[in-house]
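Across the two complexes that follow, chain A remains constant while its partner is chain B and subsequently chain C.
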Partner chain A sequence: MTEVVAGPRRHVRLRATKEFFSRLFERVGAWVGVAALAFFLILAAIPGPIVGPLETAATASGDFLTPPDSQHILGTDEVGRDVLNVVVHGARISLTIALIATVISLIVGTTVGITSGYYGGRVDVWLMRLTDFFFIVPSFVLALVIAPVFVEVIGRGREVLGFRTSLFVIVVVIGLTSWAFVARLIRSQTLSLRERPFVDRARVAGSSDLSIMIRHVLPNLVPQIAANGALVVAGAIYTETALSFIGLGDPVQPSWGTLLSLAQQAGAASAGAWWYLGAPGACVLTVSLAFVLLGNALDDTFNPRRRAIP
Partner chain B sequence: MATCGQGGRTSRRIGGIVLRAIVTLLMVAILNFILFRVIPGDPAGLLLDGSRSAVTSEQIEAQRERWGLDRPLIPDQVLDYLSATAKGDLGYSFKFRGQRVSDLLLDRLPATIALVGVAQIIAISAGVMLGIYAGWRRGGAVDTIATGGSLALYATPSFWLGMVLVVVFSTKLGWLPGYGAYSPGADTGSLAWLADYLRHLVLPASTVALGIMGQYVLVARAAMSDVVAEDYMVTARAKGLTSGQMLLRHAFRNAMLPVVTLVTLNLGYVVAGAITVETVFAWPGIGSLTVGALNARDYPVLQGVFLLLGTSIVFANLIADLAYGLLDPRVTQ
Partner chain C sequence: MDSILGRSKGAVHAIDGVDLTIGRGEIVALVGESGSGKTTVGRVITKLVQPTGGRLVFDGIDMTSVQGFSALRPYRHRVQMIFQDAYQALNPRHTIFDAVAEPLRSLKLVSSESQLTERVSEALSAAGLNPPQEYFTRFPHELSGGQRQRVVVAGALVVKPDLIVADEPVSMLDVSIRAQILQALIDMRAKQNLALLFITHDLPLAWLIADRIAVMYLGRVVEIGSADDIIFNPKHPYTMALRDATPQLPADGRPSGIKALQGDVPSAARVPKGCRFHPRCPLALDRCKVEDPPALEVGKEHLAACWQAN
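Right, the complex of A and B next:
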């Protein structure tokens, strides 16, 4: 019986997906977002073949703070490193941190949201109190006090999962502090989903709460998770950049924020070294704008009637 | 009877809002307490760490007793911490030895309030005007530019914007100072000193303002687009009111509602942005205090900053929730 139904249903789903993408790409924002992201993902995936290995103060290829010329198209920094080189390598660090933090944030937010909305009652009240806290205190402010303490607890200079301690801490802390708005959204969707007939049917058929949440509620939340995931990435990039800028990054694995911090410490702004601070900043701006545009386009396509306000 | 029931509902609503704010505030304080305890190493050892002389175990023991560290963590130490915090005793700084954290915070607070206050005023007035105009003439040239620009501003880290402004207006053009709050040697309190202070304030305040303005434009525009479609606007037009009259009498007030809530709800993000912007301009406020504490591992100051920010954010939210009920009578019904 189920196999007979599965064939046409898969067909319907495929057609719906196709239709969705054609509607999505009617929007200019979606195109701009995807193009910018594809560009930076390529940079992040293969920085080596494009600009060679990451330069350090010892392997620096140029003079100190020289403006762009034919040899260094984005100039050099205060120790003579090629800015293009460090910015391309920075793409890898920044995007990896933002994407992993987003995955953590979506997992926590979705779990809290579904649990809260599905069970209701006291569970809902207490989980939402917790969510309120994380909702009103910005991720950056929380990370500001949590990150240094975590670094102290784990110990400096070690590597966890290929990240140096401070980066690993930044990833986890951003993930654990930025889930609140996802949780609120998912909860409100779950509240309406759990009243639907298919949930009752599954319960009558003997499904456990956990399996209803995972097999029946979660698949219906994918649109919300996708659209908000894009916005969470934009937020994560912002938070990572700001945290690294105030000195929580790792100069050995420099993200764009760390580069901006180094530029600030080197007095790049008052020295007029616009190329040094301009390159990483323009990258942050482009990537987070791309995610915002993509998120808005996804949101518009999923709920055409709701106007997207970033 | 009906009014009595409504009054009961309103006070219950207010009670709920206040209760939630208190719970959130407690969470801020407890997180602060826990964080300070999980740092490896004995707090007493940390306290004596900077004295640079050999520390005996008796000295550590004396310190433990003096600061109550020999008593059980729960409930004694938590309660001690909460009551001390409620009294405004936030402990002593590691970096500035002997200075009270509360004094340091109070010392730096005026500069941050000036920065954030001036920035908010600029951002609200410019952002709301632009947003209302864009929403009124939806699809026009101003709308397109304002919406695109606002999205770009929203995605720009404000401290980077600050660095760019320093390069352009301070280094290249030499119009405005891009460092600190005063020129050295100025006579405090004189008119010239004030003018100098304001000149130093221009770039950092514009930076913070531009960082938040994008959101105000977008929200005011969205609210205005909603208002324009309302029935009472059609009625107003049918009554023969001019566009200007419609805008002032009907549209403006209703479009302001979401802006007012955004301004209060946003406080946390504005202050967070100001922390990084202060670093760029060496503005002597809470932000530079925070970054200095971060680099010196001055945990008491960091905890104090977190408590201060957390408390102000919770209060701003409380005000937003309460004000929303006053401004929009539908909420209470």
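Right, the complex of A and C next:
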């Protein structure tokens, strides 16, 4: 009997999901966003087969700062590395940092937001004061303060979850500074959801607070979480770029921000080496824009009556 | 001024002095205008709000101070609620099966999946949704208003409770569907000796379904007695006015001579001194302005809170 029930139920969800995607892809923004993201995700997933292993100063083959030609489509940098090679490898670092930081931010923000909105009262007041604190903490200052401490404690050359220490600091910093926005949003939605009669009904049915939050409130927050998650990724990519640009990145695992920083130090702007600054810069812009477009399209699809605030 | 600044301290007693007993297998109707506190009585009984005073005794056990979902489990098993707004009382993201199964799962009343399916089918059939399997995988938005209300009814019946608080269970439904839902409830009473607190503003409906009727005004039960006594022999001027304002009731040839009520129900934050009904009472005496009448016995099991009831 169970199988008989579970089968059609899965079928119903599948149908609903299909419907949702067909409505989502009626929007041009969704197409552009998903296409751009798919492109960069492929680059990030398999940089080796596309451009070969990451070039270093030792393995660099080209001349210094040559403009794009047939051999180096995006020119070379100040030590002769192929810019295309490092930019493609940078995609992996930049996207991974942004996505992991977003996951941290969504988990923390959603947990704090639901707890705060659901319990209200004193819990709400204290959690929201905490949120206010993280709202105003500037990510740069926080990064500058915790980076040396962190590197000292863990050790410079070590890897945490596949990241070298300094990159892990960036993940943590972005995660810590971006969840406050998510928490506020989720809290306001929870405030309205918890007054809905189905929450009263769940209580009369004997459900615990935790189960009401997970089984009744959270599923109704999926649209907000998905739409804003995409916007958080866009913000995270910017922050990662900026933090790397001011020197918090790791030269051994270069992200786009690190490349921009290196280009700036090499005097690419004054030397007229537009390809060196332009390639990683265009990537940052494209990916951020793709996530914003996707986020807005998701938001519009979930709730056509409300225009998204980018 | 204080209230503008959000510092208002005056407590509002939504209900005050409600003395209500419901016997096993009995149907008691709670009648009153909007704002008379009848829903609050239901929410106190189902432990959705904690009263500041008074006692709630169920089957000899004082439930007043019992709190927390695990301590309330045995009580939830025996006392269920039917909500007024079936559009809001079902989580839009849960299937009908999950909605009806929720109390069984959270109260841990079944030990196996097959037993769960059996109980859910039984409840859906009892609420008039046949064949029940057709509804398992549907979502609330795929059902009509009447079907949703039956799902809510099934969700209350599924635990086989001793008491159901029905808060305006049919007020949002078409007349044709009303009768079916009421019939389902009456059948359950016959089958399971179910007691029902039927909250409604509809006096003819109360007379039709209930054994006894309690009339509420501004947070207090002003008259309680058998359904026939309340309709044909009302003693409280408020009940008389309600009765005379309801032309569908069978005439007993003795109009009470009460004029239609003037004015609105006063705010619960400023309950009039003396009898709370005196500003609108056509029979008010000087005594009514200073002394609040207690519930006086005016007949067999018939109480009225009026100085002139005799």
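Methods note: the second predicted complex is superposed on the first by the 279 of 310 C-alpha atoms of A that agree within 3 Å, B and C clash if a C-alpha of one lies under 4 Å from a C-alpha of the other, contacts with A are read in each partner's own complex, and residues count from 1 in each chain.
One rule holds in what follows: a contact is a pair of C-beta atoms (placed from the backbone, for glycine too) under 8 Å apart; a residue touches a chain by one contact, two chains touch by 3 or more.
Since we're looking at a predicted model, the values are computed, not measured.
Trainee: Of chain B and chain C, which one contacts the greater number of residues in chain A?
Mentor: Answer, by number of touched residues of chain A: B.
Trainee: With the two complexes superposed on chain A, say which partner A:53 touches: chain B (first), chain C (second), both, or neither.
Mentor: Once the two structures are laid over each other on A, A:53 reaches no partner at all.
Trainee: If you stack the two complexes on chain A, which partner ends up touching A:201: first (chain B), second (chain C), both, or neither?
Mentor: After superposition on chain A, A:201 lies in contact with chain C alone.
Trainee: For A:67, is the partner it touches chain B (first), chain C (second), both, or none of the two (neither)?
Mentor: Neither partner.
Trainee: Once chain A of both complexes is superposed, is A:120 in touch with chain B (first), chain C (second), both, or neither?
Mentor: neither
Trainee: Can A:245 be said to touch chain B (first), chain C (second), both, or neither?
Mentor: Only chain B; A:245 stays clear of chain C.
Trainee: Can you tell me which positions in chain A touch chain B when the two form their complex?
Mentor: 129-130, 132-133, 136-138, 140-141, 144-146, 148-149, 152-153, 234, 238, 241-242, 245-248, 257, 260, 263-264, 268-272, 274, 277-278, 281, 284-285, 288-289, 292-293, 307, 309-310
Trainee: Applying the document's contact rule, which stretches of chain C touch chain A when the two form their complex?
Mentor: Touching chain A from chain C are residues 46, 48, 69-70, 72-73, 76-77, 80-81, 83-85, 88-95, 97, 102-103, 106-107, 113-114, 117, 136-139, 152, 155.
Trainee: Please give the residue numbers of chain B that touch chain A in the complex, ascending.
Mentor: Within the complex, chain B contacts chain A at residues 20, 23-24, 27-28, 32, 35-36, 38-40, 151-152, 154-157, 159-160, 163-164, 166-167, 170-172, 178-179, 215, 218-219, 222, 225, 265, 268-269, 271-272, 275-276, 279-280, 290-291, 294-295, 297, 299, 302-303, 305-306, 309-310, 313-314, 317.
Trainee: Spell out the residues on chain A that touch chain C in their complex, using ranges where they run on.
Mentor: Where chain A meets chain C, its residues are 1-2, 5, 8-9, 11-12, 196-198, 200-209, 211, 215-216, 219-220.
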